[in-house]
Every structure is written in structure tokens, then in C-alpha cells.
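So that you can tell them apart, the chains are marked A, B, C and D in the order they are listed, and the count of residues begins at 1 in each.
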Amino acid sequence: MSEDFEPNIVAFLCNWCSYAGADLAGTSRIHYPANIKVIRVMCSGRVNPLYVMNALQQGADGVLVSGCHPGDCHYMEGNYYARRRLGIFKDLLEFVGVDPRRFHMSWVSASEGHKWKEVVEKTVEDVRAAGPFEGFRRRQIDW
Amino acid sequence: MKTSENPYIPYLATIENAWYETGGERCIKTFKVVIDDKEVRENWNHCPGQSAMIGVLGVGESMISISASPTEGRFLRFSVMRMGKVTQALHQLDPGDKMTIRGPYGNGFPLEEWEGKHILTIGGGIGQAPLRPIIEYVKAKQDLYAGLTMIYGARTSGDLCFKDEFTEMSKCDDLSCHLTIDIEEEGWEHNVGFVPQMLLDLNPSPENKIAITCGPPIMIRFVLENLKKLGFADEQIYTTLENRMKCGIGKCGRCNVGNLYVCKDGPVFCYSVLKNVPEAFA
Amino acid sequence: MSAMLLNKDKWPEFVGKLSGKVWVPKVEEGEAIRFGPLSGEESKLPEYCNTRVPPKEIVFPETETLYCFQADEHEMTAPEIDERKIIIGIRPCDARAMKIVEKLFRWDVDDPYYLKHRELVTLVGLACNAPGLNCFCTSVGGGPASTEGLDIIMFDLEDRYLLETITEKGEALLKEVEGLLEEAGQDVLAQKEKLIEAAENKISRSVDTEGIAEGLPGLWEDPLWKRVSASCLGCGTCTYLCPTCHCFDIQDETEGFEARRYRTWDSCMFEEYTRHASGHNPRPTRRERTRNRINHKYSYYVDKFDLIACVGCGRCINYCPVNIDIVEILRQVKEAL
Amino acid sequence: MDLEQLRKTAAEVVAKDDVKYLIGWKKGTYGYRVSPVFIENEADTEDLIFSPLCTANLVTYLTLVEKPPLPRGQKPDTRKVALMVKGCDSRAVAQILVEKGIEREQIIVIGCPCPGVIDVNLLVAKYPEVAENTELKWSGEDFVLIRGGEEIPVKREEVLAEKCRLCRYPNPVVSDIMIGEPVKPWQTEEDTGVSELEGKNVAERWEYWEEQFARCIRCYSCRNVCPLCYCEDCILDRLNPTWINRAVNFSENTAFHIARAFHLAGRCVECGECERVCPVKIPLGRLNRKLAREVRDNYGFEPGLDPDGKPFQASYKPDDPEDFIL
């Protein structure tokens, strides 16, 4: 894989924990790779797997979904649903032949700026290793 | 492929002016647009009743009737109700923005055939849009026609389109304008009631008249019934139909009512033809 | 017009010499599913009655870009269509279908995309020696060796093909491979006639179209429509696999700043096909939609172009998931007349 | 199965005032075809059949009913619908009941224990179809083909549908009336279709599905035939926003099939209809069965067994697996 390859990663972060965690990482001046494009959602349970698929179709090389730790969900149980749904979705993607390294899920709380850095580093490293994802691009054929 | 030979490639047009006719969830916005290309603009020739495919690049196209008469000048007008994906995108456009136009499509009203006759238009809601060009046309060529009567209704006074133009109309001798709304309203000086009933109340004689109706399907059905009651012959009654369209040139196949394509054989149909088409009022 | 013989051994050489991209039926999952470009591995045509997906997709691609543009600019560019294609092994019914559909694409306004594809394609048909179970081409104006729409027709004579040219285009194509062919004698032509007769006799299904075009509109409210559409699932199999169905949808799609407007097959059997933006649907149930499909093929098209828009290929019967059978529907129509 | 008993029962059901119609199978118009039939009066129950050719899952018609706007003053028809179900079909009924897609009181389920149906492609390959309608019957373990007065024995393993090789529930799990005796469940085979793919690496699997999905013509017969695809506003028809474009190319086709498979995760009852109806022969069952396997193995959940249960994706357990979470 080319060393120069800078992956494009879309991250869906829950408003209450992970977004705040990423924010904390920023205000604490923790350096983490800039490959992450953050989309804030109210809850990880709001992340429709179609979002993940659409991100991949529109040119993302990898997707990260992050929410509150189990038990900490602002809406009590949203992240439990997300876990079940996206867990199955990950299996499906893998079965269809999408490299499992392209899709990650994590729990990052509002106080875990350092964990956020680790998650991002791990995700970027994985997606970088998986390489650019062209096969699923919407514009794969000449229009 | 040369663009000029490709009927799918639209012309670009600039919105000169845009304003809201009505408010609410399904508001109506009117656009006054000028086609960018000078040659196309000069050669553009539409007749009242025809439609055009207008659209926003990246969103889609919709068939909208041209609500300006060619007698008004080298510009076009479209009144668009906010409904689906394309019309929502159109409503976001402001003066100076671009839209795309293909057309004009369809047959239009046989205005030359009607010379010397009295024209009666019966419109409801947004259905007034395809009727407006006839009104403007007849107004501009008053000496060719025996007169014009307009009946127009909407749910409330706020749902009436082209309000400013009616006051001006009522000043002319040969033209009469009758407005109605469904529900009583404070400060409303005109009629209250449904359009088909108002038609009966006015009791126009069918002699030397042409009746054109456009509006919601249910209104059209009752207007046709009442016109027959008043003694209008099938050949004296015209209506315009609408259907979902994609190509506008008779290829995509979806706009047919029976064996007629609305985009090519219509949108203007004489009732004498339409009464034999079972699907027409579905 | 000439009649030539091609020995089957010379097949690879024959297709190799033709100028243009050669399309032949392709076997996938153990069956000839659709036509595809020659890969160079084929030493002969596969065994097939007909492909599941008709070759209409070569001249009327399932999805075709009308024009591209940049989301922030207003420059529209249509794609260049310039590839010469030779379809070998197209069945006479499918070629006839192209001729029928061309009428519509020429009606009043020319459709530049379809006509350009059609102009660039040469159709080398293969007459049917063994028509399928549900073929009824002979009832709707075609036949197992109908030459309508074709440029060349081939007859399978076991170890060799008989090639007869029909148009100038076909004549020109044969010029390219002159060295591989030999003149066909009278005996071969007699053999051909026998084959055609045998094939025609093998067609077991038929429709009596007499009076249907005029009679169909009169059956508008007939209970038969409810009956024949009761089990319809509302899928697009019958229309997508139909060689004469030509309806399409136009949509836009974007990726980043790149965008295009394309057309893609659409089916009158889908609910949203006629649904207005307001939610009103002039054909609200499958009864109306089935009625429209039959009427369009057997009445409206006849009205407009004096042709039945059905070539009797039997695909809609073969692949309907719930055994809705157009021959049976037409029999019931006939009965109701 | 005793057809006399079936027809007699059906006649009794249809004769009831509160029954709109009975959905069953009847002989098709040619060859091995069987078509769904809607029976409204007793006399027509003579057409009913139940044979190894009855592959179609009739449950889809419960949710496929169209509700066009009624003329003013007309009341909707609220009479019950009776339908015949095999084992796999009955699971679809149970699953729809779980999702409250239909009400239990609105249907009368006539259960038909099923010794296994055929794959028509396999049958045709072995015994070519003829124009005349041909009967196929169960005979002990195997089948017998009746054609032109002749009885041809057909080996079970030669023509049995894939879904039946894997079937664990040949007897209806939901029914009001059961026709005949329950059949003894048989030894199921290994799901080689899924296992074989699981054995491949990611790139090979992508290549495999690329070839399959590229073929899709987007006729949506898989969606329409599926008894569990009954959303009133399907994501595929939705234009605003457009999640899946109508363009037919590998990207959109893959998106479509991923979305379809995902929406059936924990819901698919493995009736195999999607695969049967696909005109371009995409092995869709493999996608669904893979997810069914994951759901069963990792979450201990099997859809369509308990009509009073909870839907898989609308419930959770605090100890669901989360080894994939960073």
C-alpha cells in the first residue's frame, strides 16, 4: 500500500459522549490524525446503517461510529440498539467482501479525550492498511 | 452529439423575478425567467396551454405549464406548487439563479379556431396557471374574440393566485371576472361556494362560447357535469390534464391516459375526445 | 442478397475478423442469462433457446447517461456514442422488437441516444430450430426465421451456419470475412426451408389477435382484469425482460461536485410509476397496472403505430414468479369480447 | 396429503360469512407451474392443490393487499383472509405477527405439513418441461411425476429445493387448522453455499458478489415476493432523500442488496422466495442465511417461531456481543 495514502474517514459521533470526548481531545491539545470527518448525531442509535453504506459509496475509505459506553446512553438504551444493529451490519459488510478494517465502532465518553485519540489512531491505521476503497464508489464508471 | 439536436438537453435560463402567490405548506411561487441564449430566446415560440420541463441540475425536472402568454414579451412565467423533490428545490431559487428549461411541449389551446368566440375559463387553485396565458392572450387581442369570462376559485382568499391581475381585469368592459372561495372569510367581497356551483349560478348561455376548465380532478368532474347541464356541446368544452412525466417527448411512456400521451397529444383535450377515454378522469 | 455457408470450425476466426465489438449470449450460473462482449474464450455459440435478459439492453442500456455536469457549473455534456457493435445470435423475435420500438423512438421527436445505438449496431440473428415452450411469435406477426430488423440471418445446420444477408449493412459485414465463407447451394436452401417449417410446427402456443386491439378498450371495467392481476406481485420482471418494453425514468445523481442526469428502465407495474407528487395515483392498484400493460401492447401501440408491441418471445410467461401468463390473459380477453 | 380433506376444509372456511377469500395454490398454465389462487366461493375449492410444486410463499399476499382510496361512504372490507402455509411460510406469518404487520384475528391459517418442495430449475434440467400441465406428488421419501398417464419416480435429492435441504421446521409453527399429519423433520444438510463463501478471503468474496450484483436488473421481484418486505414506503422507492439511486450499476446494486439483506436481518425466515424468483439467478438466499446464522449463533435469536416474541432489531440484551467494539 502506498505510504502517501491519506484515508478519508467519516465518523458519526453521538452528541453526548463521543462528540464531547473529541471536543475534549481538541481543547486538551491532544494530537490525533486529521483524516476524520466528524458528523454529529444525537445518539449512536440514530446511525442508520445506510449512512455507513452511503459514506462508502460517496468516497469514504472507512467509517467510524462512536457512542456512549453501555449504560451511559443519554437516551437510556440507544447505544444498545446501535451495538446490535451495527454488529450485524459489520458481519454483513464482511460477508459481502468489504474489508472489516474499514468499519469500526467504539465507545468514547465525554471525559475520554485520550481514548478518542487512540480510537482515531487505530481506525486510521487500519483503514490506511486496507487502502483506498474504490470498488464501491458511486462514480466508478465514466458518466 | 450536438446539443441542439438533443431534445434531452435543456436550455439555461435566469430567474429575473420570483414571488410567492400563496403561503402555507403547499405554497405557490411564481418565477419570471429569461432564457440565456439569445438565439433560443428570440426563436422561442409557445402557445397558451403548452408546458415546459423546468428543473434544477442535480435534482431533476418537472413538467410545469407556462403561465405567461407569448403576447407579454420574451420571457416565461411558471407558477410552481411546492410538492415533491424538484418543486422543493425550485422554491429555493431566487432572482439571479439559474434553472433549466426544455420545451415548449404539448399541443396548447387552438386559439385560432376560437377566434370570434366568447371564452369562458373555469379554474380552481393552481389550475389557474395554464388558464392565465389564455386570459392574457385574449386581453391582448380583444378585437379577435367576442369576450372573456373568468371563474376562479380556491379554498381561501390566500390560496388565490395572480390576485393583483384580477382588479385590473374587472375594469375592462368585455372581460368579466368572478371569484369564489370555499369557506366564508371576513372582508371577502366576492362569492363564497364551490366553483361548479358558481358556474351554475352564473348560468352562462352556451351560445358562441368555449369553456375551458382546469383544476383538481374532482372539480373538473363536477364542472363538466354542470357544463353539460347548461347545454354546452362536447366540442365546446376543453380541459387540460396532468400526469407524472419524465421525458416530455412521448418516449418515457408514463403519462398516457388510454391511448393518448398527455405530453404530446395533450395537455389540452377537447371533451369530445376525452369522454371516450376511460382512464382520463382516474 | 447473398447466401453463404460458414463452417463451425471457423467460428473463432469469423468473430475475430469482424470490425466492431462482438456481443454473444453469455452463460452464467449454467444458463444463457444475457448478451455480453466476446471474451475471446468462446469457440462457439452456447446452447440456448433465448437469453433471459433480452439484447434490447445493448441498444437501450438499462442505465444511460443523458448528460453530465458539474454541480456548481451549468455546462452540460452528452456522452459520445461511437462504438460499433455486432450482436451475434440475437433471436428473430428480439430483432423484430427493436424494429417495433424504433417506431416510438422516431415518433415526432427523434431520440438521439436510441437511434445512435441502433445505427451503430449490426444484428446477426440466429433462426430458431427449437422454439421454447412459451414462444408464440407466429401469432403476433413474427416467426422462428423472421428477418425483420435483422441485417443477417443465420441458420444452424449442425456443422455449419447458413448466413443470409438482408440489408446493406449485413452485406458489408460479410465482405469483411469473405475468405471464410462459401456460396450456399440450392440443396442448402431447401434444407433451410425444411428447418423453418419444422420450427414453426414446434410452436405450441398461440394467440388469436383478431379484434383484440379494437376490443380491448371496451373491456375496461371487465372483471377479467381483477382475476388476472390478483396474484401479481407488482415486480418488474415481465417488463424488464420484455424486448419491446421501453419505458424509462430520468433521475439525477451526484457524487461530490460531479453529477449526471441519466435514464434508467422503469416499469409500469411499479406503484410509483404514475404516482403524482401529490400522492394521487391514476393507476392505484395492480389491476389498473396490469390492464395498462396489456392495453399498451395490444391496443394503444396498434393504434399509434399499427404494430402489436409484443413479439411473442414468452419471457414474461417463463419468468413470472407467480405464473401470470399473457397467452392466457389474451385468451380470456378474446372470450370476453 | 389428502386433497379431499384439504378441499373440504377449504370449502367450510370459505363458506363462512366473515371470510373474504382463501389464498391457496392451483395448477398453473403449463408445465410444472403452480399459481396462487384467491378463492371466494366453495365451488372453486376444487382447484386447490398441494404438491411438491407449491413453492410460492403465499404469506406475501397478506401484506401486499392494496388499499386504494375508497369512494365516500364505503367502508373497508374487514373480513378475514384464510391462507395455506407450509412450514417455512408459517414462520413468516409468525414474524409478521411479532411485528404487528397483521392482526391474528384477521387471518385463518391452514397449516400444511410439508415434506419438502422442489427447485423447478433442477426438475426441468432432469425432466424437461412440456406444454401440458404436469403433476408431481410426494411418494414416500421421494417424488413421482405424472405425465401422459405415466408415473415417473423422481429421486428426492435430485430435485429438492435448497431451502428444504436446510429446513428445520417442515411443520407449520402457527396454524388454526392443520391438514394431515405432521411430518418428521429430516436431517438437514450443511449450508454449503454460505460456508463456502465464509471460507474465502474478503477480496475473493468481494469478487464473487461483484459478479453477482453486477447482473442485477433491479426488477425488485425479490423485494416484492418477500413476505417480510412490506414497508408501505420502501427505501428503494423513496426519492427524497434518495438513499439508493435507481441507476443500475455495481455500486447502487450492491447498496440495494446490502440494504435489503440488512433490513431482513433477524427477520428472514429462509423461505427462499427471493432466490427462486430472481430472473438473473443471484443467490440472494446466501446473504440472508448468513445473517440468520450470525443472529442465531451470536445472539441466540431465531425469527418466526414465537408470535408473541419481540423483533430482533427492536430489542437488545445488555450482554450482546461487543468484541468488535474498540
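One rule holds for everything that comes next: a residue touches a chain if its C-beta (ideal position, glycine included) is under 8 Å from a C-beta of that chain, and two chains touch if they have at least 3 such contacts.
Bear in mind the structure is a predicted one, so any value in this text is a computation, not a measurement.
K.L.:
Between A-C and A-D, name the chain pair that shares the greater number of C-beta pairs in contact.
P.N.:
Result of the comparison of A-C and A-D: A-D.
K.L.:
How many angstrom between the C-alpha centroids of subunit C and subunit A?
P.N.:
46
K.L.:
As a quick test, compute the distance in whole Å between the mean CA positions of subunit A and subunit D.
P.N.:
Taking the average C-alpha coordinate of subunit A and of subunit D, the gap between them is 36 Å.
K.L.:
Please tell me the distance, in whole Å, between the geometric centres of subunit A and subunit B computed from their C-alpha atoms.
P.N.:
51
K.L.:
Can you compute the centre-to-centre distance for subunit B and subunit C, using the mean CA position of each chain? Integer Å is fine.
P.N.:
One centre to the other, that is 39 Å.
K.L.:
Going by the touch rule set out above, which residues of subunit B reach two or more other chains?
P.N.:
84
K.L.:
What parts of subunit A, by residue number, touch at least two of the other chains?
P.N.:
57, 137-138
K.L.:
Could you say which residues in subunit D touch two or more other chains, in rising order?
P.N.:
Counting only residues that touch two or more other chains, subunit D contributes 245, 249.
K.L.:
Applying that definition of touch, give me each pair of chains that meets it.
P.N.:
So the chains that touch one another pair up as A-C, A-D, B-C, B-D, C-D.
K.L.:
Along subunit B, where are the residues that touch subunit C in the complex?
P.N.:
Within the complex, subunit B touches subunit C at residues 1, 3, 5-10, 12, 57-62, 83-84, 87, 98, 217, 242-244, 246-247, 249-254, 256-259, 264, 278-279, 282.
K.L.:
Enumerate the contact residues on subunit D facing subunit B in the complex.
P.N.:
Listed in rising order, the residues of subunit D that touch subunit B are 239-240.
K.L.:
Taking the touch rule as given, give the residues of subunit C at its contact with subunit D in the complex, in rising order.
P.N.:
28-29, 31, 33-34, 52-53, 62-63, 133-134, 204-205, 230-231, 233-237, 239-241, 249, 251, 253, 262, 264-265, 267, 270-272, 284-286, 317, 319, 321-325, 327-328
K.L.:
For a test of understanding, state which residues of subunit C touch subunit A in their complex under the given definition.
P.N.:
65, 68, 79, 253, 255-256, 258, 260, 262
K.L.:
Subunit B touches which residues of subunit C in the complex?
P.N.:
Against subunit B, the touching part of subunit C is residues 66-67, 69, 71, 74, 76, 78-81, 104-105, 107-113, 116, 217, 220-221, 246-252, 254, 259, 261, 263, 266, 268, 273-278, 280, 282-283, 288, 292, 295-296, 299-300, 303-304.
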